[in-house]
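Just dropping this structure here.
Here the chain labels run A, B, C and D in written order, and each chain numbers its own residues starting at 1.
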Amino acid sequence: MAEPGQVFSALKATCPDDWDAYVRHDFVRRLGDGSLPEACFRHYLGQDYIFLIHFARAYALAAFKSDALEDMRQAAATLDALINTEMGLHVKYCAGWGLSEPEMAALPEAEANLAYTRFVLDSGLAGDLLDLLAALSPCVMGYAEIGAWLAADPASDLSDKNPYRDWIEMYAGAAYREVARGAARQLDRIAAGRLGADVEASPRWPGLCRTFGTATRLEIGFWDMGLAPPG
Amino acid sequence: MAEPGQVFSALKATCPDDWDAYVRHDFVRRLGDGSLPEACFRHYLGQDYIFLIHFARAYALAAFKSDALEDMRQAAATLDALINTEMGLHVKYCAGWGLSEPEMAALPEAEANLAYTRFVLDSGLAGDLLDLLAALSPCVMGYAEIGAWLAADPASDLSDKNPYRDWIEMYAGAAYREVARGAARQLDRIAAGRLGADVEASPRWPGLCRTFGTATRLEIGFWDMGLAPPG
Amino acid sequence: MAEPGQVFSALKATCPDDWDAYVRHDFVRRLGDGSLPEACFRHYLGQDYIFLIHFARAYALAAFKSDALEDMRQAAATLDALINTEMGLHVKYCAGWGLSEPEMAALPEAEANLAYTRFVLDSGLAGDLLDLLAALSPCVMGYAEIGAWLAADPASDLSDKNPYRDWIEMYAGAAYREVARGAARQLDRIAAGRLGADVEASPRWPGLCRTFGTATRLEIGFWDMGLAPPG
Amino acid sequence: MAEPGQVFSALKATCPDDWDAYVRHDFVRRLGDGSLPEACFRHYLGQDYIFLIHFARAYALAAFKSDALEDMRQAAATLDALINTEMGLHVKYCAGWGLSEPEMAALPEAEANLAYTRFVLDSGLAGDLLDLLAALSPCVMGYAEIGAWLAADPASDLSDKNPYRDWIEMYAGAAYREVARGAARQLDRIAAGRLGADVEASPRWPGLCRTFGTATRLEIGFWDMGLAPPG
């Protein structure tokens, strides 16, 4: 496989409409131009706190399911980054929006959140490490695409006036881009190691596409949830 | 514990509003009086097919997690009943509504379905057998309550004119009632074996109530989904 | 794949010495000619009781990990056969050797037993359904081979004088042979569905051979344990 | 619970003979006085490399099964310490004994190793986080006891002449002692959170003692294996 990220590109190519509906979701556009109502963003942030915990559990599961030390190390590094760095940044960032950690920890988990996170975990338990990574990739790689797109989109407002500028800059930044690239390379490596060089010729390919497609639809559901805060 | 079903009653008592919203949901009432649009029922039936598969997986997980042969046998009997008897009845019943098995197997799984089934499975994997049974009980015992209530409710139409009469009779019938009672007794026994006689005094009680409450909310979401068929 | 059992044959061909050491183990030969000390057989029977429980858990896990209803049904049928039929026969058979069920349930589990059963379970949890079936197959198919070989071996004593005649006849019989054939066909089907037609060309093949080889070595360890009863 | 480590002490008190047989095993004594044959130590080191990988997987599982962020962080910290720090030290240490990492990674896993590591993992999957920690504690806390005992024992040779002095010093040192104390405190906290203040009054106590006792016996088996290098 020549270019890094080939498996991710191939998966995306099997569900272009859903992928676009996710990456260019109205929630995302309104983050870009700053028109998203604060209540929506705060609702999203609170649920994202819960999401991060289960996403971290998914990387713990990836470490458990790794049979090469290299894969275990990569999964453990992501787990560590999520619960020690990301979580801290998230909590600090949310404090700026008036959300405290105990408040977020006590929120009822939205159905969209339960559906997405538990689907990812179950994909990993019912299947193998590759199934788990296929379920994880729409989030990890999608957010880098969202960041890059928003940063480049003429409709975006990247000035001080956009209250969501920090958010955009985080996912458009070099650090997050590198995280997404690392995940794309890992997916390539694990796929090659389990399916061979021609991943699309494998009988498992349709199932992996279904997993990736479902996770993408569940990302759409997550943004939909963000647009519909309770009360 | 004197009466069978005490743990189930105690769990229900901690979320009475959600429990009522589930058992007396508009979807249920309209099954009762026969006013539910066919498109809703067919949507529900198709998703229920997928639900049954993952519910069966949950009982397989219960068998895997049992440390007493008696518990393994009970879980395996439910698994067998689900995939061999229930599934067959369901498929036959759905055929009468014009839904074929391959059609149902190819349906995209609704978010409400993913949320519920995968939450149950994850409760069992993250926790122990008791956590799993707490997550399973709103469905098993709730449907018996729904059946009994509909059969007794003066607003129900139990004549030939109600196209959902068979459905009501199945869940109101003695056979299903016995299934629900068996599950209630099993929950009592496993809870006593892990928490002691005074289950509500256990430090695990609040967590079990949260699990039960979330599963109950996800049942509500399942009915909501039924009322909103795609297209 | 033309003949049923091709994947099993290919796996066996990668560890012929270990396979022979398992199938033609001294414990087996001495069952055949009736010279095995009773204390060894009783020790084996007691540990086999515990083994069957965890083996049943492995089939429950297979049902949990199945994504096709057909596979779930096959796994559930084996689970049911193990805990309802086999276990009953085993308990009755052991009673004839003076071992009661509560006695066997209270035995400390031998290291060889722990190693084998938990390795099988972990293979299934760390990997996918195919990894699990690869770990299960030395037992299921090996016992049919052992039965057939003992029944045909001129050194075997199949008269009334051999106290182990019943045991040999069970595993040499048509019913068990059919069980083993079904398992071989399932392994073929799952392997084709995950690796494609040329299973040995898959990058997963060496890993599957390692799993199969380890399970075969653990069968040898189980017979070794049988020859060394405690006390 | 007043003193830290009370649950560990209570568990130990239920299997004093096995605990002594583990902590004061001949393998340990001969590390202390320097009389252990090099071949035994090298065999042990190689198997310990494989052991560490699966032990790290067990902490990944603990992170997956944690429902409090604090517990997830503690499990992830141990996972990180194992695969990034411990593993590196182990590899470097083993290089001093002429064992390279690829060599160790290619070793066939000993039955005693399979039995111990997979039993721990299965305890965590069949049960909950507390069952997993009960299975993990004989190793974590036992090695600190072994280090302290060897460092204090008049029969130990802590001079340059003892080739195993480094090993003793590592496990007798303050850093490792702190690791063991942290694990003991975590066990206390999780036990209190699941069983209440009087852990020994819980109906789960006998099962936890069985798990702890089996893990202790499997530690004995691990030392036995060390004394019997292949070839």
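In this section, a residue touches a chain if its C-beta (ideal position, glycine included) is under 8 Å from a C-beta of that chain, and two chains touch if they have at least 3 such contacts.
Note that the structure is predicted; figures quoted are calculated from it, not measured.
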| item | value |
| --- | --- |
| Shared interface numbering between chain B and chain A [over half = same, under half = different] | same |
| Mean-CA-position distance for chain C and chain B (Å) | 36 |
| Whole-Å separation of chain centres (CA-atom averages), chain A against chain B | 31 |
| Approximate Å spacing (C-alpha centroids) for the pair chain B, chain D | 43 |
| Where chain A touches two or more other chains, by residue | 57, 64, 125-126 |
| Topology of the chain contact graph, where touching chains are joined (line, ring, star, complete, other) | complete |
| Chain D - residues contacting chain B, complex | 64-65, 67, 125-128, 131, 192-196, 201-204, 207 |
| Chain B-touching residues of chain C, taken from the complex the two chains share | 53, 56-57, 60-61, 63-64, 66, 69, 72-73, 75-76, 79-80, 83-84, 87, 105 |
| Residues of chain C touching chain D in the complex | 57, 108-109, 111-112, 114-115, 118-119, 121-122, 125-126, 214, 217-218, 221 |
